[in-house]
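You will see two complexes here that share chain A, one where it goes with chain B and one where it goes with chain C.
For the complex of A and B:
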């Protein structure tokens, strides 16, 4: 009995000491003002030491993608640390390859600023902005999908490219978190941003967005993403989406037909049942105006008897295999779960599309 | 409770990962659902966490880590965990994903148990890395489920 009591007391003492150390570091340790040099002097910041790199950059309105609110569980906030920043932490290694670790890639949320640091970040991140907006409309697309349109407040305009995404701030019990959503409105719509969101039971971001009503305020950052649409109109565009992966496709398709009315574009969209189908009639109307736009929807669940479905059946990579002729110059954009991406990529490569011309949403 | 080496723990986990890969490959062969086949094909090829975690550690430290001893007896994350999910050939993708999430959780439990048994910094770093890889896997499986494609 006394042995157990002694261990309990010892554990208690250690717990108290650990707590004291954490509090002491927070309030007593002063790292002073530290300098952050970004992209070889392109930006130089002076920030309070002791905070994480991610928070320091956000404080200076430099928005690095992060979906988990800085808890080290999404792996999105990669930056390159050229000097300072300490060693790579075990919380980072699952998200980094050996090559990345050798070249100084770190997760910004895990780098604590205790000294002057030199970092390198992708140029386009310096153009990411924080937007305040209000909900202009919400449309129910299916039993679990909604289209939500934001009207921008401050700044009033956004310059985004097809395939880019925004990070919407959503409230959570542990404070605000950001969740990434592809922008579905075309790039020529500069005063609004449209998202297509599937409700995920228990999902923080999707629950928040699905509960928004017209006039509600929202905050988001963006645009993010590296996809660049091939500007050569002779290059065919192939969009393949699955499940809820429609948003970037809609942006790409409308942007293309605004700029190149005769350009060839294929849309393959796979879902399970007719209850999951949305935008089909809208895209068919667009295809009537632009004969080089090909719309193929596929259902993977067996069709119930008497169903009048006139589209494809089976998984969407099978449809892509059926319709795409090999040997044509194409660029492809995919959005869906990793096993779908893998299956579609295999088909597209067999058709002669180079891996460097196949892009997909980070999952 | 026995005193065993880290190498023994990893052999146990590796054996479990191999059983999982075989489980998915077997299900892929037997299933009459294309979606389950796609899913299990994918999962059977993505169970390489221990190998990947070891690769990130300098070769000079690997030997030392493997020979360290912990007071611990691996339980769970074994054949019994898998046997609890003997899915029929017509199992749905959701059932497969639920099983896969449970398997990941059993590895998370295993790695957490080791972490509670050691104060060695190198071993902690290594197992925390494995733990995060499994947690990330679990999140990916939940996202695949949420996309409702299969």
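For the complex of A and C:
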């Protein structure tokens, strides 16, 4: 009897509190319809007040990049707010430089719409599209990596550059969230998008993608990111990756050899053990066709007895140091864990590559 | 019934029985938000306000609802829910009527929900058998005491920015040591009033 009483008291109190909050919200947090002016009148939106700028823009099919799903932890959803929107919040300051703060840059996920707001967003973001696609194939690459190929449904074509990324919509208990993945299919394949996904235990996006089967529908937005490949074929390309950092590298390499069959390109790929190695055979075949393509895989863990590994051992920056001659005009793309990026950046700068020619993505 | 006068309770909860320095409650936000004087002041005001409000509310719920029915054991969970709802309500209220204060307090308002000093004050009020007036006075005093402690430590940390602190002590370590010294200093008030 006392249990029932306790539970009903508990429920009663919670219900009253919830009721008070709902009533309060209705009277206190009501902003009506607010206007958003984008790029000085290029587009004008009318949205319900009270929501965040990021959600309002996504609702209007303007896809601002966001990897964290609006929690203010990735810092990707930067927009310029020209008027309205209140001051910069403490949650944003870690992601903004002083210069950005002075010029009104904000994180769209932290800007709450309470009034009419004038914003500026990069032109290319207005070109980001929402794609619906189906899974064409999935290939298990290693114990924790999968290659997933999407066939585009609507729209049927994507125009992407190597190094750009897509945001896949994944279901979560709090509604759909977007997770960013680099596009690994070469840019000349316009009807498909391929991703390389490493499973993260408990990760929303990677778990969803790893469980997809052939024929399953998916929704993603893209392409995002500016990543300019040097168009001069005399410039050597150096790609250094680890783990799922393979995705942009694969795109870069195949795109390069489609356009410039004789261009020099180095691929340094770091793994722990032979179990983590993938695509090695494919790249070696590509290297036979294009003699200026050099593939170097390195294993960081000590080799077990009787192993027939014929690649490099030790961390990947040691291999890069060993193979690269100094003083050649190069552009470098790095994608991997922060310690790797730091070590490789140091090596590359010693080899005479300008910091402005080194592009990286830490994860 | 506790016979102590309200004024004594307020003064005692600020100085001699400071909820932070003698009970060490609310340490988390105390350490996290004491780097800048302005945020410390904002958080201090918000905590004082919420403490005063929630002790009063929780008093009414405990003595007029939970106790007559005999379900006092629910007090922990109900107090937490009341605190969370109160903070939400205050947030909406401030957002509507004083956007300036809302921006100044920013993320600190929701943070208060999980500040254990708030729950601590409600539980002390029950244990010490305070009356309604005494409870609200205690909540107010505890809030002012907490605010004073965090403002003092923020001032000290600001000054420490210019001192040469050995590397192992930098950051939270030196703050904990200073908090300890400050707590000892506050013990000097101990004989003044008791509650």
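Here, the second predicted complex is superposed on the first by the 330 of 363 C-alpha atoms of A that agree within 3 Å, B and C clash if a C-alpha of one lies under 4 Å from a C-alpha of the other, contacts with A are read in each partner's own complex, and residues count from 1 in each chain.
Convention: a residue touches a chain if its C-beta (ideal position, glycine included) is under 8 Å from a C-beta of that chain, and two chains touch if they have at least 3 such contacts.
Note that the coordinates shown come from a computational prediction; the quantities given were computed from them, not determined experimentally.
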item: Chain B versus chain C as contact partner of A:245, first or second or both or neither; value: first
item: First (chain B), second (chain C), both or neither touched by A:93; value: first
item: Which superposed partner A:188 touches (first chain B, second chain C, both, neither); value: neither
item: Greater residue coverage of chain A in the superposed arrangement, chain B or chain C; value: B
item: Contacts of A:340 with chain B and chain C, given as first, second, both or neither; value: first
item: Overlap of chain C and chain B interfaces on chain A (superposed complexes); value: 90-91
item: Residues on chain B engaged by chain A in the complex (per definition of touch); value: 34-35, 38-39, 41-42, 53, 55-56, 124-126, 128-129, 132-133, 135-136, 139-140, 143-144, 146-150
item: Chain C residues within the chain A interface of the complex; value: 39, 61, 65-66, 69-71, 73-74, 77-78, 81-82, 85, 88-89, 92-93, 95-96, 99, 103, 106-107
item: Of chain A, residues touching chain B in the complex; value: 72-73, 75, 90-91, 93-95, 98, 101, 144, 198, 200, 203, 242-245, 270-272, 276, 300, 314-315, 336-340, 342-343, 363
item: Contact footprint of chain C on chain A as seen in their complex; value: 2, 5-6, 9-10, 13-14, 17-18, 20-21, 24-25, 28-29, 86-87, 89-91, 114
